[in-house]
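Shared between the two complexes below is chain A, which has chain B as its partner in the first and chain C in the second.
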Partner chain A sequence: MNIRYKRRIGRCFWLYIPLFFFIIITLAPFYWILVTSLKTSTEVFAKPITYWPKALTFENYTYLFTKLGFGRYFLNSLIVSCSTTFIVSMLALVGGYAMSRYRFKGKGLIYVLLLVTQMFPAVVLMIPLFETMNKLRLINTLPSLILTCSVTNLPFCLFMMMGYYNSIPRSLEEAAQVDGCSLLGAVFRVLLPTMRPSIVATGAHVFINSWNVFIYATAFITKKDKYTIPLALNVFQGEFNTNYSGLAAGCIVALLPVLVIFAFVQKNLAGGATSGAVKG
Partner chain B sequence: MKKLLAATLTAAILAAGTAGCSSKPQETVPASAQAPAAGEETKKQEETGAPAKASGEKEIVEFWYHAADEKTNEIYEGLFEEFNNSQDLYEARYTGFANKDFPDKFAMAIATDTMPNVVSLGFSNVMTYVAQDALVDVNSYFENWEDKDKIVPSMVSTLKDLAGGPLYGIPYNYNQDISWYNTKFFEENNIEVPKTQKEFLALCEKYANPDAGTYFFSLRGAKPYDNLLGWIFTWADGGGYGGSYFDENGTCIINKPEFVEALDAYAGIYKNGWVSGDCVNNNFNEMVAEFGSQTAMYIMHNSSSKSSHLNNLGDGNFGVSRALANDEGRYYTSAIQPQLYAVTNTKGADGDYTAAFELIKFLSSAEVIEEIGQKTGRIPVNKDNYDDPWFVEDKYMPLYQEIITDENFVQIQNPYWLTTYFNFINTDMTADFQAVLLGEMTSQEALDKWADFLTQEQAAYESSK
Partner chain C sequence: MKTNKVQEGRVKSRLYYKRAAVPYLLLMPVVLFIGMFMLWPMINVFIMSLQNYVVIKPKERAFIGLQNYIEIFTKDKLFIKGMRNSAVWVLVSVACQTVLGFWLAYLLNKKFQGRGIYRALVLSPWAVAGVMVGIIWSLILGETYGVLNDVLLKLGIIERNISWFSKGSRAMSAAIMANVWRGIPFFAISYLSALSSISGDIYESARIDGANTWVMLFRITLPMIKDTIVLTTLLRAIWTFNAVDLIYSLTYGGPNNATMTMPLYIMTTFKGQLNYGYASALAAIATTIMMIVAFVYIKGSGMGKEEMY
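Then we have the complex of A and B:
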């Protein structure tokens, strides 16, 4: 047996086979959700278990969009997530720059305060936030969610962005300024293109967090036409009745935007998420 | 390939978004209800002293349903539309909450003074909300209601007894603890539906087939209280105190030797491997899934899980039987625990709650109860329903009615008047019962702990009267 052959077997044994099992384990739940969404409610529980629907049906998807108004919920989630992503990315971009590049009085305190906000679980904040939103007359409106998601995501994103700025040498923007750029010009023309992967990673983080927001949504939203997807999915589980196939179809629809984001930004995500980890 | 996938998914999202822009969910909330805070109208009403009015000068009545799903939402939305179209004085607005979210949502509404006008509640939560001064005594409204005699008196009195006199809501239906079985399996194996606990244990042993992954029974390990208490009270024949937890001195009796023997027998079903190993964590969904997937052929639950079995097994493939009896033929269950519509305390005890009660009257009428009962399997408490063809011809309803009048049926008097009881059975009882199943605690230890706790709570309750 030559060395090349041995290496190939070793590679197969130590790399491909474990990888294969890892992929199976990771994808199996998604496959199962997909298959369940294409079954009738009786077939979901039929024995023997069917790994592919005996009678393929799209009635669960039709039910979602025609009877439950899932299109509206989808749009609501999209509005909340996109708005939050935009607001947080913008604020984190400028805030992160300030925190990274400037020295000012109370910077340490602000740093600690931002850190402290991450220590409160959502349930603790629910009642005061509800009171606030109620006084602002924002209950049962999407801005209540946009505002809450923005303020809860912002501190972490500021830290992320600060780390990215720290990893870029200051001399880069100074060089741009020597060449005649204003400070903003240096940031937008020189720093931002370098930081694209980091901005994308931050944006993806915020989008997914706000797409999945549930606790605040249950607190602020009671009217059906303002439901977001996680709230709508909750309705499938009644006190003594769960519509599993409908729930699975809803989960597939809820997964779509996340999949799209990953398809577009996965390269940026891997690099961006760690680019601020070590100061350059 | 990746780009193609991304493009396809993007197109799907855009299509869904566009559909969202053009389609409207089936919603009966009027346009005037656009984005009011939950309970906001109620609060406005309280501040101004005048009833809140919608655009058409109708008084607004907000209603929260505590156990909503897609099916009940559809039913209630239809009913509210009917109510709003049937009169010109009130505009009722329906909001449904998933059962597991409702307690938090309502607690927050109480804390922030944004309660709706009417809520639907389970029997077990009433005293918790009364303790928070969230509900109004509607006895005077009930007494003036021309149809009050149509509501089954035992259901009304059980509510009055719970609160020691006041009536904190109008009962509208109840669940009967029963057993569900797989008819096909019983026919194929020529099995008679077990009537007693001992017959049942023999079947559990005989038809447990771990190799094939099938069992006779699915045991509920999480939130096991109704099944568990029904079992031990029946086995112990109530310990000589009917369905009461307490003796004449207020001492809890559920740690007497016959109860310990009962719990040993019940836990033995798991310990002997007569049910699946997963049962220790089985909650309602898992238990019903085992029954629906024919992993188990027999479960103990109540009448309201009918719609689940219809979905999972299909009509005609399951049957219903009375709860298991002891050797004397008696069986103990928690049956007379109605669900109720309660008026919330939005205007103080002396406020005018006519509008809220008008909605309750509508929702408690025989026609409305028929609509709900027929589709959800819940048992009506309006006597007019008992002569309706749908009730008489229903496969299950007549049996439920027979049980209530059966002399061998004994009602377990769950002490829901103790405000800590609901939390106790949900958390402590679950943890201890699971410990018993896993052999980490003996039945005696668990029952001693429960009895001590309940004795203390009962003493505190008595002294605070």
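Then we have the complex of A and C:
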């Protein structure tokens, strides 16, 4: 009895209290933004601070979409993220297969190349890429962002894909081939379906990253109707000045898609993030 | 008979070459893409760093050798300040994230009710963009309207509202706090997958031999996930060093350049002064330093001695 009691107290102390601590510091900022976005702009400055809006209002959201044109920015972000996700998934699927299933000369070199490109800072690439995009006449267009996001996400996703392929025994494809499938048939009918969760996780990873892309956006995009959501928010952060509830509403709009996607795929994300790079 | 054999050999070799070409064909788009939009630009940075290249003065564009570099190393005080700020920013952020991230992963690796939903919630800051983290935390840290001051007042930790962004060291700690909040999930995710790959049998036999929790943590768990720890900290350190969007939207380098990190300095030189040559030189230096640090770190930690790939 005594021991069991002790154990239960220990579990409470070592497990539940820390769990509580982590969830509070994680969720409190989200809660605060949500509450702020539902306040009127005067209530934000009211003393004492209110932890739940006295007068619940959605005016900040209507203001964003009717006055500030967030619908357009939302669509832009969506176009960039979806295109990037498609391009990167295709290239990583194909490239990852080659890296995982074949032995060939120069494999080590490509591996190192991919690893090194991981370290290139966005602020550094931004400078020459601006020149390149300028020459390609892509400044102030969404394709400039799609191209940049694709190429910067590609190495990491290729590693992820490679790790996923490695975790599936080659005998699976071979068995399918023995049963009369062609190599392509084996890949499409057997390998890819078993990997579906991993592919979705990779895609989600790219989607979130390109939804969040900011540095390249500030460098390439200056026209208002080509803004993506993070860029628009940053610009309005300066313009808003005192309209903090509007800013908070903008944050919620920007966060919603990525948080929903993340909630669905976070389970599959766990394995891939670094195991691909560690085990190779 | 003979011709037959030769023919067979030819067919075989043609087939062999066809097969050997497959991986190259599959990887060609990737390599071309990365070459065009990452490697060539990177080389271009080093070329541009040797030029006097200010956008608004296109006629003065010319090669000037190492002059940009000389200026950076001899005259530029902001460069030294930026490097120092970056060092603080990276070291403190990554250290806090490593410890807290491991702790969270350790908790998540245990069984408790509602673990799935808890995990989805607690890891969610991972998906938030750096700019957004900056904006969110600026709303939390605001001197009069911010919630943190109010909470700290109510708990009796402070007596007056703190103005987070008026003093250098405070602004830096605010930025680091926001960054840690965002970075814990990344560490937790990668540690969690490493932790769950350790089989329970090892702990079982250790327990039978009389090992307590701490011994198991330091003698079994940590050594077994060492490679993951090294790689995660390295990756995160690089990303933290490169990250500019959080500070950009939280403090914009202020006050008095106290949070001006190296990448932000590059960005303001590029975007504000439009001095592409000088910004490229700064960028080249930052990249080189980072590569050296990464190399030393990998070598020094003895990672992947068994097999890296």
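Simple rule for what comes next: the second predicted complex is superposed on the first by the 240 of 280 C-alpha atoms of A that agree within 3 Å, B and C clash if a C-alpha of one lies under 4 Å from a C-alpha of the other, contacts with A are read in each partner's own complex, and residues count from 1 in each chain.
Criterion: a contact is a pair of C-beta atoms (placed from the backbone, for glycine too) under 8 Å apart; a residue touches a chain by one contact, two chains touch by 3 or more.
Predicted model only: the values in this text are computed from it and were never measured.
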| item | value |
| --- | --- |
| Room on chain A for both chain B and chain C (clash or fit) | clash |
| Of chain B and chain C, the chain that contacts the larger number of chain A residues | C |
| Which superposed partner A:G163 touches (first chain B, second chain C, both, neither) | neither |
| Which of chain B and chain C A:T218 touches, first, second, both or neither | both |
| Chain B versus chain C as contact partner of A:L259, first or second or both or neither | both |
| Which of chain B and chain C A:T36 touches, first, second, both or neither | second |
| Chain B versus chain C as contact partner of A:G203, first or second or both or neither | neither |
| Which of chain B and chain C A:M126 touches, first, second, both or neither | both |
| Partner chain(s) touched by A:P230 [first = chain B, second = chain C, both, neither] | second |
| Touching partner for A:N243 - first (chain B), second (chain C), both, neither | first |
| Segment of chain B intruding into chain C (one of 275-283, 365-373 or 455-463) | 275-283 |
| Interface residues of chain A shared between complexes with chain B and chain C | 44-45, 47, 49, 126-127, 131, 218-219, 234, 237, 259, 263 |
| Residue ranges of chain B touching chain A (in the complex, touch as defined) | 2-3, 5-6, 9-10, 12-13, 16-27, 29, 33-38, 40, 67-73, 95-101, 104-105, 108, 111-112, 114, 284-285, 288-289, 292-295, 301-302, 304-305, 307-308, 311-314 |
| Residues on chain A engaged by chain C in the complex (per definition of touch) | 15-16, 18-19, 22-23, 25-27, 29-30, 32-33, 36, 44-45, 47-49, 51, 91-92, 94-95, 97-99, 102, 104, 107-108, 110-111, 113-114, 116-129, 131-132, 147-148, 150-152, 154-155, 158, 208, 211-215, 218-219, 230, 233-234, 237, 244, 247-248, 251, 254-255, 258-259, 261-263, 266-267, 269-271, 273-275, 277-278, 280 |
| Contacting residues of chain C [partner chain A, same complex] | 20, 22-24, 26-27, 29-31, 33-34, 36-42, 44-45, 48, 103-104, 107, 110, 112, 116, 118-132, 135-140, 142, 144-145, 147, 150, 181, 184, 186, 189-190, 192-194, 227-228, 231-232, 235, 238, 241-242, 244-245, 248-249, 263-264, 266-267, 270-271, 276, 279-280, 283-284, 286-287, 290-291, 294, 304, 308-309 |
| Of chain A, residues touching chain B in the complex | 41-42, 44-47, 49, 65-76, 78, 126-127, 130-131, 133-134, 137, 139-141, 218-219, 222-226, 234-243, 246, 253, 256-257, 259-260, 263-264 |
